[in-house]
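For reference, the structure is listed below as structure tokens.
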Amino acid sequence: MKELRIDHEREERCGFPEVVFAPGKTVEQIVAAASEIYAHSGRVLVTRATPKDFEAVRAQLQGACYHEQARIISVGCAAPQHPAGLIVVAAAGTADMPIAEEAAVTAEAHGACVQRLYDIGIAGVHRALEHVDELRAARVIIAVAGMEGALPSLIAGLVSIPVIAVPTSIGYGAHLEGLAPLLTMLNSCAGGIGVVNIDNGFGAAELACRINDPSWL
Amino acid sequence: MKELRIDHEREERCGFPEVVFAPGKTVEQIVAAASEIYAHSGRVLVTRATPKDFEAVRAQLQGACYHEQARIISVGCAAPQHPAGLIVVAAAGTADMPIAEEAAVTAEAHGACVQRLYDIGIAGVHRALEHVDELRAARVIIAVAGMEGALPSLIAGLVSIPVIAVPTSIGYGAHLEGLAPLLTMLNSCAGGIGVVNIDNGFGAAELACRINDPSWL
Amino acid sequence: MKELRIDHEREERCGFPEVVFAPGKTVEQIVAAASEIYAHSGRVLVTRATPKDFEAVRAQLQGACYHEQARIISVGCAAPQHPAGLIVVAAAGTADMPIAEEAAVTAEAHGACVQRLYDIGIAGVHRALEHVDELRAARVIIAVAGMEGALPSLIAGLVSIPVIAVPTSIGYGAHLEGLAPLLTMLNSCAGGIGVVNIDNGFGAAELACRINDPSWL
Amino acid sequence: MKELRIDHEREERCGFPEVVFAPGKTVEQIVAAASEIYAHSGRVLVTRATPKDFEAVRAQLQGACYHEQARIISVGCAAPQHPAGLIVVAAAGTADMPIAEEAAVTAEAHGACVQRLYDIGIAGVHRALEHVDELRAARVIIAVAGMEGALPSLIAGLVSIPVIAVPTSIGYGAHLEGLAPLLTMLNSCAGGIGVVNIDNGFGAAELACRINDPSWL
Amino acid sequence: MKELRIDHEREERCGFPEVVFAPGKTVEQIVAAASEIYAHSGRVLVTRATPKDFEAVRAQLQGACYHEQARIISVGCAAPQHPAGLIVVAAAGTADMPIAEEAAVTAEAHGACVQRLYDIGIAGVHRALEHVDELRAARVIIAVAGMEGALPSLIAGLVSIPVIAVPTSIGYGAHLEGLAPLLTMLNSCAGGIGVVNIDNGFGAAELACRINDPSWL
Amino acid sequence: MKELRIDHEREERCGFPEVVFAPGKTVEQIVAAASEIYAHSGRVLVTRATPKDFEAVRAQLQGACYHEQARIISVGCAAPQHPAGLIVVAAAGTADMPIAEEAAVTAEAHGACVQRLYDIGIAGVHRALEHVDELRAARVIIAVAGMEGALPSLIAGLVSIPVIAVPTSIGYGAHLEGLAPLLTMLNSCAGGIGVVNIDNGFGAAELACRINDPSWL
Amino acid sequence: MKELRIDHEREERCGFPEVVFAPGKTVEQIVAAASEIYAHSGRVLVTRATPKDFEAVRAQLQGACYHEQARIISVGCAAPQHPAGLIVVAAAGTADMPIAEEAAVTAEAHGACVQRLYDIGIAGVHRALEHVDELRAARVIIAVAGMEGALPSLIAGLVSIPVIAVPTSIGYGAHLEGLAPLLTMLNSCAGGIGVVNIDNGFGAAELACRINDPSWL
Amino acid sequence: MKELRIDHEREERCGFPEVVFAPGKTVEQIVAAASEIYAHSGRVLVTRATPKDFEAVRAQLQGACYHEQARIISVGCAAPQHPAGLIVVAAAGTADMPIAEEAAVTAEAHGACVQRLYDIGIAGVHRALEHVDELRAARVIIAVAGMEGALPSLIAGLVSIPVIAVPTSIGYGAHLEGLAPLLTMLNSCAGGIGVVNIDNGFGAAELACRINDPSWL
């Protein structure tokens, strides 16, 4: 088998060490990549990991823990960034939780303080409105939604901080496996929204941490 | 040229006489069709009509009037249906008005009482919430929106009456000429929504009038 | 695991209590949500439920029953709404029945009287024509069709009442998992049609019940 | 400019001489191609021709005539094929006529007997049913429809002869410039339908003439 | 369970009795439908049938036979139509055979004489050219192709008889599960081609039999 | 004509006053909206404005100026936000400049310091690499690219700050009017990227200003 | 206006100096870019240029010539590369000539020997077969085709040299402005084909010249 | 079962014997085809083969070997082509390796010298830049990339030799199973790129070998 080639300078260039995205890799490739990154950086994340992946990583790397709903393996992550602002992770429906948790766990693994606001979708708009003060107190909001994906538009119209929109693949039929909420979010008439790929909770967290970087305070 | 073949029994079967959809027809075809329907039913609508179409129709049919923003020519329309409920036409943005007016004028032409609530899109959610009582007082609501098209979801979560969702082609880029709000509306997590084609204000009004048919009172 | 957040006011606002859509939720989430809604409203529906979901719900909630073809679990549903009009559920082909039943069972669960007219697709147009009187006697018609999805157009041209069009994912190849009949229904040249998402029998029933609301009689 | 290269053997191989499709060609290319085909075969068709194209062709080829609605220039066409069956060209709406005429004129130019049945779309199904005997008397039917494109399905369920389905670009919004009726026709639950490209009245006629070839009688 | 509703008049109207399309139906629905059609017409086809479906049908209907590659169950089919022309079924690649066989077996079940010409795709054009005489001797050709789907264009340019084009889902990547060859066939620059849905070998045979109807001889 | 309904509280809620998006509005609607916002907030932007729009606005509002390449009319904008970080606007090609300028002018109109780095697309990667220090010195980068849209990926791999990706409609063929670079940006393997709609330079600037809000320093 | 930034090192790195793609640039930008490249490299191409662009360039750069059908302005191009192989440019139809000429003129401008074989599309397969010897004598073939785009498959099955496939936007309806032949070419069952963007004759020529580089002889 | 029809002349015409593409074929068809090609040409490749396919082939053909990551079975392949240039196979990420290996193993099976450069994607651009000398030393480069697919653009801007771009299906969400990188590659602003189908490592190798044909040296 071909050898791995980890981009170790990424942490220095970009603030995050390289992360292991599990799908499409063999268990052996996952363990090898995670071990090499951990050896170099003292911490590593494996995203979209299965319980089976976790068993293999844990056998190699002590202290690995598995965030089941988020499907993330983390080993030896960053200390909290005390003076940084709050990251709110908001989600529209129960079924969007795995992606919301992927975002929340990733952000926490990079030292952020995270507040979760789940089940506040647009079909019961009072639920989001009850949390306006918490939304406005954040440094950045990650808004996760499947179905029609209108939550980021709703939130961005209520606050003056950046909103990261994460469409999810939760839906059916004309949902087109997440393309419908993706389009909704790209066409928002509210300002201040940046969109990431469908189900990309990890990417949303990485962007949120770049925005919330305490070195700018 | 081939002769016209008007479906005169449509009024009896479906409640509405046949309507002339102007695009793709010559001015001569439009005038001929409008005249024949008017002769048979005593009233006629021409939709998506240009001012030039109107000049030609008015030369033939006295009393024709042109609803400029709605792009509709109406001649001799129905008397108000006194005991029927109210149809609310709500629109998200200024640019959605032509389609909203197409719906409103069509419904009025068929005898309905219409209340317009415009510029109440989701980016400033308080605007729609200020009108909750008016929304709840209707028999049926037509909700018109371009961009991300979230207005019908917002409204349907606030009321217990039917909501007819009309996506518009107002937008750009990933809007795909109206496909984005169409998908939004089809994927709504709020219940009680029926969707019509992009920019189809006329069809929304016809459905609203079938729902609001006073013979059911 | 994160706690649930049920929108209990939905029944008051919208006439229907919140419903549990099973796909993408764990069995535990389904039981918890169903139990909480039942405790608050005295009735609950779980849609797209598997037999395994049913076993888990029944263990918790006595009186749960499973509508196999409709894939719906219902517990303690509404009393019949005696003076309301009839809802006809029409379906084009045998394979469309599960979605048609989802619509019919949902409507019945909310107290409606439902008449089923199945296997009346356009390839044998006489079959629908034989039922014109029954179609015309309804307050609202739900027309369910896969393949080319032409049934709603056919029916809407025969009646003066609202028609709710439900495309199904029954087909193959250029059917695009239901997009073909969805487009057919959105482009209908017949008036009075509102379209719901592919396979969304539940949503069609909710819209039909809002139209058929006996409080308007 | 590069010289033309006409496929003169096509008439011998395929029964039809090569035809000039005007769009994307200069007027000079059109005239040169038409002249060369005429010189070789004694007849020629130019399809999708503008009045300006016609002026240029007529200046070169005496006896050219222009079928305005069909947008076809014909010069010196085939004698009627007396013993052959009838080709019925059916069209759903007034706006579909240009494509229906393209089919009808092309078939006539190749010697066929054509009967036109226009404005018999599915929204008023009685209109098609009134013509069942004429439809059944044909050797082959060309069914032209825009909007939802259900006419071929309706007809194919009524007859035992081949039906050639021609979707047109007449529609708007989710019509996708003809893709909606194209998909409808490809997914027909009625048998015996062959589909051609959007607006391809010419191709439908060529297929109809191959089916109706009198040498098989 | 809801009762079946077979369209028994279809044979009289359209020449073919109704056929059972197996996918999306339960084994019980398949057996019930096949039995009822057989009882009425003395013959029946079940398409896209699994071996398990066959076991169930054979237990009910003696004389059922299973065409494995074509995935068709046939019981008691039509006598050969002696004076009719020949139907050639041509296929581009080995992997297209199941669809080609579906077409061939269906045509034979309706009494046609069928000649198979397989593995004659465009990448080795001499293979098709070797069979020009057989292709020209047919009354109608069914051309089946996946990948780029160019076979129907090649054949239609060589003959003067109708060509029915069947795209298959054989391919990967930008093949889009058959949309690529479907588009190829719809855009053919050769005339005389009618296209059916992806993998619709059955529909191609039904159209071929309508064209090849011996009552027109 | 219907009256305007400006969302004046938006400035308070979201930091930006409402902006006038010109396309789809009449000149009269543009002038009325701009005047009302200016009267309330003391500043206003009109985006995608034509020179003709500018003439009309300038006649009403003194001090209006027109940013030709950016197609923006600005009147009385914000004072510079002195302590805030730098916003870099990077663009891949000459033809992407109008969108890049829309972003730059909008950000400047809201008081930001902007540095432009144009013509640094991936086909000559040394051009971007020469500017690594300037890229790393920013608080946030707006990366604008048409064609294959790879610039944001390249930049995000070089820096640890947020990157806002703006796909443009510059391209042809399989570019799909900007969908190709939009997909590129959503699928970036580099982290820290938020994407906005095709050609949405304005939205990118609004998000950049929310990220760069000096009140967080 | 922002200043230009030409990538002068491209010629050294890639063999070709940078080329000016005219669409989306102002006439001033075109002239400025062409002049700067010419000053540096002694030759320049402007592609997709209008006659008006040519007038402006000729006023600035003596010796500019305009290849009308190819829509290319060339100034001071390369000397012929005597020992290199032949590039054959094959085209399916008359309407594909502008793209074929764009490829041929570009290749000639870079010193290649080009042979043109036009109007040899698949509908008359004998036309291509007559040229098999010329096709086999080339070093590389550029195959240009609109409609169904099958020409590259046909050719690649006849030769052992590389084939560059260029889909064109010539077609209508389900042609999707060139996507249909693009998909055809990507799915070819013949080997040895590399595909470029729709209508990208220039890119095909650049690839052909890299393949045909005489420094490898 | 129908008999096979191998195109044995392909080797003579195109340089490669026919290859067996395993998916969609039965194990029996695979073994039969491989055996027949081997008997005729003395070598054969089976692509996309499973271990189970390999077992069956090995039982029949001695000396068969299985390239696991490339999923290729090879038997008795070509001798190295000594004087030919080098083929570089570059890949962006670890998950792209199976396709890169399919290309590399195929090229080696046809006698080429191959150098592999893996894990050099654009998110860490220094990784590709470190290999500029090796890239420039090749005769042709195969660049394999999933996700956003920008690697071929990056490489083509650094070299003057042909680049064959292979998009892979590695990605999720808006990746659309490889369409995103496919579009990226087709829209590259760098010249000299030919694109093959998604995951088509085999086709890339066949094109590379045609370019690298030593008979042209």
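Brief remarks on what is shown
Letters A, B, C, D, E, F, G and H mark the chains in the order given here, with residues in each chain numbered from 1 onward.
Just so it is clear, a residue touches a chain if its C-beta (ideal position, glycine included) is under 8 Å from a C-beta of that chain, and two chains touch if they have at least 3 such contacts.
Here the structure is a predicted model, which means the values were calculated and not measured.
Using mean Cα coordinates as chain centres, the one most removed from chain D is A.
The equivalent interface to B-C, defined as the listed pair sharing over half of its contact pairs by residue number with it, is A-F out of F-H, A-F or E-H. With centres taken as mean Cα positions, chain C sits 35 Å from chain A.
Per-chain Cα centroids separate chain G from chain H by 26 Å.
The centroid of the Cα atoms in chain C and the matching centroid in chain H are 50 Å apart.
In chain D, the positions touching at least two other chains are 10, 13, 123-124, 156-158, 173-175, 179, 182, 186-187, 190-191, 197. Of all residues in chain A, those touching chain C in their complex are 69, 94-95, 97, 101, 116, 118-120, 123-124, 126-127, 170, 172-175.
Contacts from chain G toward chain H in the complex involve residues 10, 13-16, 19, 85, 139-140, 156-162, 164, 182, 186-187, 190-197, 202-203, 206-207, 210-211, 213, 216-217.
Against chain A, the residues of chain C that register as touching in their complex are 1-2, 4-5, 7, 9-10, 13, 21, 23-25, 29, 33, 167, 169, 177-179, 182, 197-200. Touching chain B in their complex are the following residues of chain A: 92-93, 121-125, 129, 147-150, 153-154, 156-158, 171, 173-176, 179-181, 183-191.
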